[in-house]
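Below is the structure I would like to discuss, written out as structure tokens.
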Amino acid sequence: MTDIPLIFEISQPGRRGWQLPALDVEDAPLEEMLPAGQVRAEPAELPEVTELDVVRHFTRISALNMCIDTTFYPLGSCTMKYNPRVTEKCARLPAFDLHPYAPTECSQGTLELLHGLQQMLCELCGMHAFTLHPAAGAQGEFAGILVARAWHEARGERRSKVVIPDSAHGTNPASARLGGYQVVTVRSDGRGRTSPSALREVMDGDVALFMLTNPNTLGLFEDGILEIAEIVHDVGALLYLDGANLNALAGIVRPGDLGFDIVHVNTHKTLSTPHGGGGPGAGPVGVTERLADFLPGWVVEKGVDNGFRLRRPERSVGQLRSFFGSTGVLIRAYAYLRALGGRGLRENSLTAILNANYLRSRLRETFAPHVDEPCMHECVLSAKSQKKRGARALDIAKRLLDYGFHPPTVYFPLIVEEALMIEPTETESKTTLDAFVDALLAIDREIDECPDVVRGAPHSTPVGRLDEVSAARRPVLTMPVNGAME
Amino acid sequence: MDWTGSSPDERRQMLAAIGVDSVEALLAAIPRCVEGLPGIPDGLDEASLLRHVSDLAQRNRPAGPGKCFIGAGAYEHAAPAVVEALISRGEFSTTYTPYQPEVSQGTLIAGFEFQTLIARLTGLDVANSSMYDGASAAAEAALLAIRYTGRTAVVVSGAMHPEWLCVLRTYLSGVGAEIRIAASEYGRTPLGQVEACLDGNVACFLIQQPNFLGQLEDLRAAAEAAHAAGSLFVAACNPLALGILASPGECGADIAVGDVQPLGIPLSFGGPYAGYMAVREPLVRQMPGRLVGMARDAQGRRGFTLTLQTREQHIRRERATSNICTNQALVALAATIYLCALGKHGLREVARHNVVRAHRAAERLQEIPGVRLAFDGPYFNEFVLRLPRKARDVCRHVRERSGIWPGLDLGRFWPDMADCLMVCVTETKTREDVEALRAALEDALQ
Amino acid sequence: MDLSDYRFTESHEWVQVREGLAYVGITDHAQEQITDITAVELPAEGKTVKAGDEIALVDSVKSTFSIFAPVGGKIVRVNESVVEDPSIVNTSPYGEGWLVAIEMSDPSEIDALMDESEYEELIAEEE
């Protein structure tokens, strides 16, 4: 079997893939316009291919991907729900394709839509104001951390620590560090939650912010949340919600009502904008009234004349990317919220919780739950008993590929041994969930019957397990211009 | 709309298997539940939703083809139809970060191709698989330089996009790095002044090419100045312009960053776009963002996988090179397809056409009495005109009379440039479009 | 391998005094647990550290591990060859795979560390 060719490997000198608009003005030699030193000596070695070459290459490689459109994709913490096509259609309406410096009076439709999105996110999260500016959830976290810092500084305080549970996503500590904070980790208790007493021990007047994911990454609701909020606020710190798991709460409970001061929303999770193979997403950030003046980017305002305009908040922490935000993504999020309405959002969350608990109830005898109690929208199981029998979580994940399923997240959260983190989402049917459970149970039997089949999986994919050690020790990150790879 | 997956009967079966009467029974631990969300209007069926969103779109008044001469960091270019057709495939759009390489070769191959294309365009060794946008990529480059050199200040050209400068300030505020700005003179970065700012505490010197005002900077001299102080040199380059301009690598840059938006990415009111970052080999392990590398499986088949992941937040947490997680994969894919479709000669040609059209347009517009080029240096596809009146008033007049958006009023950023209009002319503007602009400007200035 | 003059920490570093300098590396047990090492990040020469300070990072494909100073002092040598080829730490953890050499500020700190048999007991307990 031959390797799948790269586009560079099908290039042939002289092939063309596109025709430029003809030059209808007087041509001139470049040297009349640009100094010689500014001109590139040789054209960059881009491929030379026809339009059909391009279409075939990218269509063929696309078929090598598993995706939601073809496959159940229960990747925990990523909310891989169906992406409705109608929101795509909305985002592609030509009149939305405006220059970011389009005059305000020419962009009223976009501004009205963005204003509506801000309002709906405020309602969804129980917040006072939202900025739609951040490019992704991690940038939203960074924004929230800067807002917290600016708020403390405006009160004449310089605090140095951010507290984060050990079950948190890695972006939380990385964002806190980028914000100039020292990270203090608080350990989860035996119930997989942040215990108020453990939190109390690390909270003091030097803590700026406590960042919590709720439900947490174990799929469990932090049921001490009201006490946690009190502990955080008692030392003058702020409470941050990592909204990665908002798909469990939408329409059921609002973060603001639970005492959160800042929340970011991952549009590509809860609001079903396509994941795109890893972006683009958007990470709107909502805050309570006392923090609204510090938001980055712009807020969309409705004037007394009923016109919409952008305003930079008075004491804004600045800007995190150029221009207003990822408007194309935000249009999809708006359309999704309008399609569902408040009731639909609640129905989604309830169904996501139902599906996760159904999987949990069917699998808990075979794969030990880390905490054996009902979960929210995802359940975290452990393959530690399977490991003793000779197959690790990674082997089970790879074997699932042969059964035609995308595996769950494995080895996260870090505090769970041999973790399998399964998030089914609300858009999957019982039929699909049952087939997935049957596959996992079959793999469990295979561990005893034919362990090498499991440990050597996958067997049916375009490539097998790759030698990642060599790839990391001697990285090959681009194709050399002359000569073959390696 | 309702996109939930199971029938009412199936839901009842699932509840029975769990052993509860309703999902609500699983939520007892949640305090302060709400009954509903009155602030979110009732859901809409598909047709009504499309009607509603189309109504909103109708309230925009886009300039229309051939009439928007605003650039300033976001450029109208023509993109081959295959770009949108291919990125719309669900196999690309409804998949996620390729954590399971065996079933993600499509995304990974495209990522590796993007890295290769960017490395070749920039003349540097290695590129990552995308950043959020050009401005945040520039900020991440400054942070990389700070980590690599152990120095704590950066020198930035004052001719950089003002919003990018703002992003740099925000990103660097966290770690408390010092930013020294070399104010532009005559539309370009005064390298003499830059040398005075460069000392042993400067991690990098950052310059934009073409700069915000459309002028071309002398990258070679800038690189020499930076290196003389032991600083890294970061060039923020328009990738389309690199079709014809000397690459940052050949000019001595250590890091190149930029926004791929000019590679046929829709303007879309500011995003989503994607940033790129390319570096010299010794900087690779300090790079932020995802990297795709080549690997072999047990049978010797070639495959691609995310590599050097221990730089990243999901492993190194607070010690990661950046907090970036999800990037802009689908936009990077669009840029990849654009570059492949245009190809080696097509990209050079489109860049050349931009230069020619912009220069022809500048000549015509300067024939208007009282209008002259503000700066005399070389430029790519964007130039600044000094007008005998306030640019803001001229823009409004032109727009109201002709529907043309003649350019960006620089008074928006600098009050002392209120009579400056920045005009961008790409391959999307025909001779007639420019003639119409000329007539409209002439009318406005009478 | 004769490890009689090696001393060990609970965090699986070893230290051996060679010509007055404390050479530091990770134990065979540690490299086995880490699996294939893909990168090693070492401190700058001349840096002063206390016992228990983080002095290096060792990466596998999917994890990163902190390495702590068994004794305090000044780091006078770092092993560049393990940065070039990290697999040496896997193949020769007690020999060529050493990480740093420390000029000790208080040589008596070594006495508080475990000897070979105590360390073997510790591993047995962990498993």
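By letter and in written order, the chains are A, B and C; residue numbering begins at 1 in each of them.
By our rule, a residue touches a chain if its C-beta (ideal position, glycine included) is under 8 Å from a C-beta of that chain, and two chains touch if they have at least 3 such contacts.
Owing to the predicted nature of the structure, the values given are computational and were not obtained by experimental measurement.
Asks: Please identify the chain with the largest separation between its CA centroid and the CA centroid of subunit A.
Replies: Taking each chain's C-alpha mean as its centre, the farthest from subunit A is C.
Asks: By C-alpha centroids, what is the most central chain here?
Replies: Located nearest the centre of all protein C-alpha atoms is chain A.
Asks: Roughly how far is subunit B from subunit C, going centre to centre by Cα mean, in whole Å?
Replies: Computed from C-alpha means, the inter-chain centre distance equals 44 Å.
Asks: Approximately how many whole Å separate the CA-defined centres of subunit A and subunit B?
Replies: Their C-alpha centroids are separated by 20 Å.
Asks: Just how far, in Å, is the C-alpha centre of subunit C from the one of subunit A?
Replies: Each chain reduced to its C-alpha mean, subunit A and subunit C end up 38 Å apart.
Asks: Which residues does subunit C have that touch at least 2 chains other than itself?
Replies: 38-39, 59, 61-62
Asks: For subunit B, jot down the residues that touch at least 2 other chains.
Replies: 308-310, 315-316, 319, in rising order.
Asks: Out of subunit A, which residues touch more than one other chain, so two or more?
Replies: Those would be 468, 472.
Asks: Mind pulling up the subunit A residues that touch subunit C in the complex?
Replies: Residues 411, 468-469, 472-473 of subunit A touch subunit C in their complex.
Asks: So in the complex, the part of subunit C that touches subunit A is made up of which residues?
Replies: Per the stated touch rule, the residues are 36, 38-39, 59, 61-62, 85-87.
Asks: Which residues, counting only subunit B, touch subunit C once they are in their complex?
Replies: 285, 308-310, 315-316, 319
Asks: Quick one: in the complex, what on subunit C touches subunit B?
Replies: 38-39, 57, 59-64
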